[in-house]
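Below are the structure tokens for one structure; questions will follow.
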Amino acid sequence: MMKRKIRALAGILLLALILAACGSGDTADTTAASEPSDANPTTTAAPVEAMDDCSEVQAMIDATAGMSAEDRTAYLLPLADEAGPISLYTELNGRDTTALADIFDDTYGIDLQVYRAGSEDVRLRVLEEASAGFRGLDLVEIEALDMTILDQEGVLAPASSPHRAGLIEAGIFDNFSADRVTYIVPVWNESIIAEGDIPQSFEDLADERFAGLMALEDSDIYWFAVIVNDLIAQGMTEDEAVGVFQAIAANSSITSGHTTTLELLIAGEYGITPNGYSHRVEQFKLEDAGLEWLPVNAPVVAEITAVGVACNAVNPAGALLLEDFFLDPATTQAFFVEVNRTPSNSDLQAVAFGPGGAGIEPLKGDVAAIVADFEKWTDLWDSVIRSSGG
Amino acid sequence: MTSLDTQTTTSVPLAPEPKGRKFVLNALRYAGFTVVLALVGYLVLVPLVFLIFRGLTSGDGLALSNVVEAYSVRGTGEMIFNSFAFSIGVALLATIIGTALAFITVRTNAPFKGVLYASSLVPLIIPGILYTISWIFLLSNRVGVINVALRDIGLGFLDVNVFSLPGMILVEGLHLSPIVFLLMFAAFKATDPALEESALMSGASVAQVIRRVTLPLVRPAIMASGLIMLIRALESFETPALLGIPAGRWVFTSQIFRSLSGYPLRYDNAAIYSLTLVLIAVAGLAVVSRVNRRSEAFQTITGKGYRPRPLDLGKWRYPVALVFVLYFLLVVVAPVGMLIYLSLLPFYMAPGLDAVAAFSFENYLSLPGIPTVGRSLRNSLILSVSSATFLMFFMAIVSWITVKSKMRGRRLLDSITTYPLAYPGLVLGASLIFVYLRSPIPIYGTLWILLIVYVTKYMPYAQRYASNSIGQIGSDLEESAHMSGASWLSTFRRIVLPLMAPGMIAGWVYVMVVSVRELSASILLYRQGTEVFSVLIWELWEAGQTSELAAVGVVLVLGLTVMAGIAYKLGANIGIKE
Amino acid sequence: MLTVTGLTKVFKGTKRSAAVTAIGELDLEVNQGEFLTLLGPSGCGKTTTLRCVAGLERADKGEISIGGRVMFSDSSRTNVPPNQRNIGMVFQSYAIWPHMNVFENVAFPLRVGKKSMSKPDLQERVHRVLDIVGLGEIPARYATNLSGGQQQRLAFARALVIEPDLLLLDEPLSNLDAKLRESLRFELKRLQREQGITTLYVTHDQTEALSLSNRIAVLSAGKLMQIGKPFDIYLKPEGKFVADFVGNTNFLEGNYLGHAIVDTAIGKLQVSSTEGLREGQPCTISVRPEHIELVEATAPDQPNTFHGEIETRLFIGEAMDYQVIIGDTRIRTKGAGAIGDRFSSGQAIKVVFPVERCVTLSFKQ
């Protein structure tokens, strides 16, 4: 009896391992048979050099310089198709990436191989793969802050898409381009904060009437830095600017995670938060959850998510093709509007919000400078958080 | 008198073995030990070596000045205090509750034991994010369902603010108590009830028996479990983040997270913090081992007709039953109930008529439409079943070496198997990327690398289950098998394993269930085709699809509970029949 | 001192096994200072009976009283918990606590429960008991460092230290090797006699039972087969089971012809007792191997002498076991080792069944 059971278990284990081995190569949703590691890590000449060797991609960029979008696509498409599936590392969620992959497939007939994770996790993986000379990536889509790090490590090829011309000014960087933005704005629960009580300015958030009702999410250091810089530009000293935040924190409980914050806002545990994601609120508004962010009377900070082409892309033509796809107002940018996200294309951005949202001018943040001083900003932010009212 | 007592054991001297054969056997034994040590060492030390390497070669390295700097971050003293207060509180709470419940379940005639088995399992299944968010909705200050209810019936003074240190300890302690329950269940199953019966016959009351005989005998298991809880709590991230930060209680894990995700990447700091955790784990284990040294001789399952008889609780049956039910309500019904509630709504609504009106099954209906749901479920099942099976068999052998054999180096082996407790998932994932991108073994990007994650991460737990089960099997059982001509392998397979069965099944179920939840390393290592379920869960959360996530949680609980039930039923046939 | 009346215990059946009647309507009495052994094969209910007396098991029906106090009675729903019965018990596995040393193991019963002793009194009592069992020199040694024999003594000391009304022993010698078992048997007997404690002893080993007990109760399948003094049990077994279980014996089936003659397969046998026998009735005769004499084929005849042939012989040290064929019947005999050397396999001899050793068995099965 025991023997049989052990044999059964061993058999299951063996089967499982066989399935696992098969499963690693099998893709149910896409039909591509090859794996991202077409180029064996062991055949790259010298791992460190490979990071700077943008030659293949550069050649492709040079060949398509000055072309119109349609010409460029016509040039790249056959080359991309020949080289196989295109590899995308992104922080976009599954629902949206699947939809985009479908659109891409319908439009170009090429498969996308997608890896999704948090922005920092993607960054870590890209850096590790690059330093090992592993070619697994064509296009990466992460937050501008993380992208800046990648750029500093020399992982990215120059940005070259003709669609860059249509992007908002704040979204244009040398080696990457913004494809979508997340607006960080005050959000409130309409049944707790009456229309007459909504914040009238950023400093107004420090007002007593919000005491004990506010939730301050603890991870938006970039937002903090941009606004402080803006306040300084308006004449405050750094200490005064930070002081405003401290006063706001004194009104607040600190929360962790934007999702949690909004959920608690809906539940009524809190009434208002100074740093919520506008597009999330838009999604909730569709369900009548009772949240609102318009009219917005405080400075809006745009957290930028950008796309960058990998220097040692496996499918260089495909990488560029995908870069265009993400920035194309006809495809991805329009898609973002449909799913209530904020595209980086300036025309479409105006369309993205309803009547209340038109004409919002987000603050332009100096991403590189903020990244360079990040430790200082982290320190200052810590001092803000710790003055919370609890 | 002493002239009569010349024998030390009741064994009959063996006929001397031919020298050649003995040599080969010894060589095989040492070879086997070396293989085991090598495999364990490889799995466990890779992340450690990576940490040290990166620590030395990035940022300011591991110089003392850098260590001082890493620990001079603003609020360090407070963070250290919070971390330890939280961890010790959680360890105490989880260990006390888990041990008490395990004892009552295994040893007494308390009613409603089935309820306890369920309570021991369900919290392990619920993904951490969901568990904590349920508790937020149950216990948050203003709108927490339980607090509101208490206020409504006039017991408002009882209400608990979950956003506080006691709140954190309560939520995490309850969440982890099933782990201790399962560990101690294995330990209690393996002790000889005659020891308690003889105490009864000596006139001790039931309470005295428990205090003076039962507990001291399982003290090694209790201390080991407590240590695991301590390290686990020190390393935990979700509860301190979701509950601690609003409470103004920062702990050290967020520092690790920051150093690996901040700008710039501070591997050196991450290395310093992680190595500190490893040191704490090692030191803790050394202390526990020292204290339990004598208990290595506590072999209590012997071949002498061992027949467990439950202690009669008498009039205490009903209060105990009440405690069980209360535990079940707190640990299972409340969070799962909240999940079910959430899953029926588009977004959280305060309980009331409006909410009921908004009930629908839409979230469940949309589940099959979630991209990759089928594939990630299949991958997770394959991985969790394989890793659980592999680990339990492997750790059975390892624990035989560490507990029963006299091999030199077995203490080292035992110590090494606990290091992974202290590895944050992020570090584990990063180290595996680093190593397998350069290793000739082509497992990067396959399910195999994920298998390595699970096997490494859950090794300490599997080892604990295995050694709790094996520690108390008397050597005469194995010796008698030898005398009947059985080889080591035969004896192990036919005698030792079946006797370890109840504890091993518990360990198997634990690893299987918990590995489905592993996220922080898995998310770094998967690729299209090898996604696992936890990544899906994380994605839904990040996308703000909380209600759908709740539906997923409910389905997960149901599915894994059924699987665990099957495992227990199958396993009941392998072990000792009662 | 100990009275057991109508004790019944049934282990309920499960899906896999039928219900088992462990004890069926058992009546037993143990007198003050007496050493009574429950003897029987595994499954006969002896351990269950002992555990019911101890209070570790709860019987279904019947009554148990010790020293006049009713400990268990199903009719009056009385069940005194085991820790209040003032019984000393030695377990088969000794159940020595490994986390305590010798002194602490013995002191434990004095420290728990309702009694409270002053420290010097406690010390004195523990040391005294340790001396009695011969462990007085090693009070600080840890229990796990004791030999099997020492552990057994320790278990005994622990049982004695509370000066119990009743002492229960559950096969305490079964885990020791033959030599140790023998010497401890003597020790046990001496101790019990010196202390004069009423003792209930459980074993399957009939040599132990015969050598230790004042009286033996033979059990089979939960029923009492015979109770009596060792001599009586051995020499006058009532029924096949007792005769067979207690010591070795040869059974000879036959018909009673009258005048103390039984016609058996080997021939006509003269018996000593004709109690309960009726002419023409079938009966069974039991003759112990050690009582049968083997003599040279040429030796003069005696009553109950038959011709036979040595089939096999086994030297077991202190004796020689013979298997003898008489006609078609196999008989076992035992001769003193050295002297028994004179017969070899295949040899034709004469077999003598001394009349007074041929016991007719009553029909209690």
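Each chain carries a letter (A, B and C) given by its place in the written order, and its residues are counted from 1.
Following the convention adopted for this analysis, a contact is a pair of C-beta atoms (placed from the backbone, for glycine too) under 8 Å apart; a residue touches a chain by one contact, two chains touch by 3 or more.
Just so you know, these numbers come straight off a predicted model, no measurement behind them.
Novice: Comparing centres built from CA atoms, which chain ends up most distant from chain A?
Specialist: C
Novice: Quick one: most central chain, C-alpha centroids?
Specialist: Here the chain at the core of the arrangement is B.
Novice: Indicate the whole-number Å distance between the mean C-alpha point of chain B and the mean C-alpha point of chain C.
Specialist: Taking the average C-alpha coordinate of chain B and of chain C, the gap between them is 50 Å.
Novice: In whole angstrom, what separates the CA-based centres of chain A and chain C?
Specialist: Measuring from centre to centre gives 85 Å for this pair.
Novice: In whole angstrom, how far does the Cα centroid of chain A sit from the Cα centroid of chain B?
Specialist: 35
Novice: So in the complex, which bits of chain B are touching chain A?
Specialist: Within the complex, chain B touches chain A at residues 74-75, 133, 136-137, 140-144, 163, 241-242, 245-248, 258, 260-265, 346-350, 370-372, 374-375, 378-379, 382-383, 385-386, 389-390, 430, 433-434, 437-438, 440, 444-448, 451, 493-494, 498, 523-524, 526-530, 535-536, 539-546, 570, 573-574.
Novice: Considering the complex alone, what residue numbers of chain B touch chain C?
Specialist: Touch list, chain B to chain C: 1-2, 4-10, 12, 192, 194-195, 197-206, 208, 212-213, 216-217, 219, 294-295, 297-300, 302, 304-306, 309, 312, 314, 577.
Novice: Of all residues in chain A, which touch chain B in the complex?
Specialist: Spelled out, the residues of chain A in touch with chain B are 1-2, 5-6, 9, 12-13, 16-17, 19-21, 23-30, 35-37, 41-42, 93-95, 97-98, 113-118, 120-121, 124-125, 127-129, 132, 134, 136, 145-146, 148-149, 218, 253-260, 262-264, 266-269, 280, 283-284, 287, 289, 371, 374, 378-379, 382-383, 386, 388, 390.
Novice: Quick one: in the complex, what on chain C touches chain B?
Specialist: Residues 16, 54-57, 81-84, 86-89, 91-93, 95, 97-99, 108-109, 112-115, 134-135, 137, 142, 144, 147-150, 155, 158-159, 162, 175-177, 180, 183-184, 187 of chain C touch chain B in their complex.
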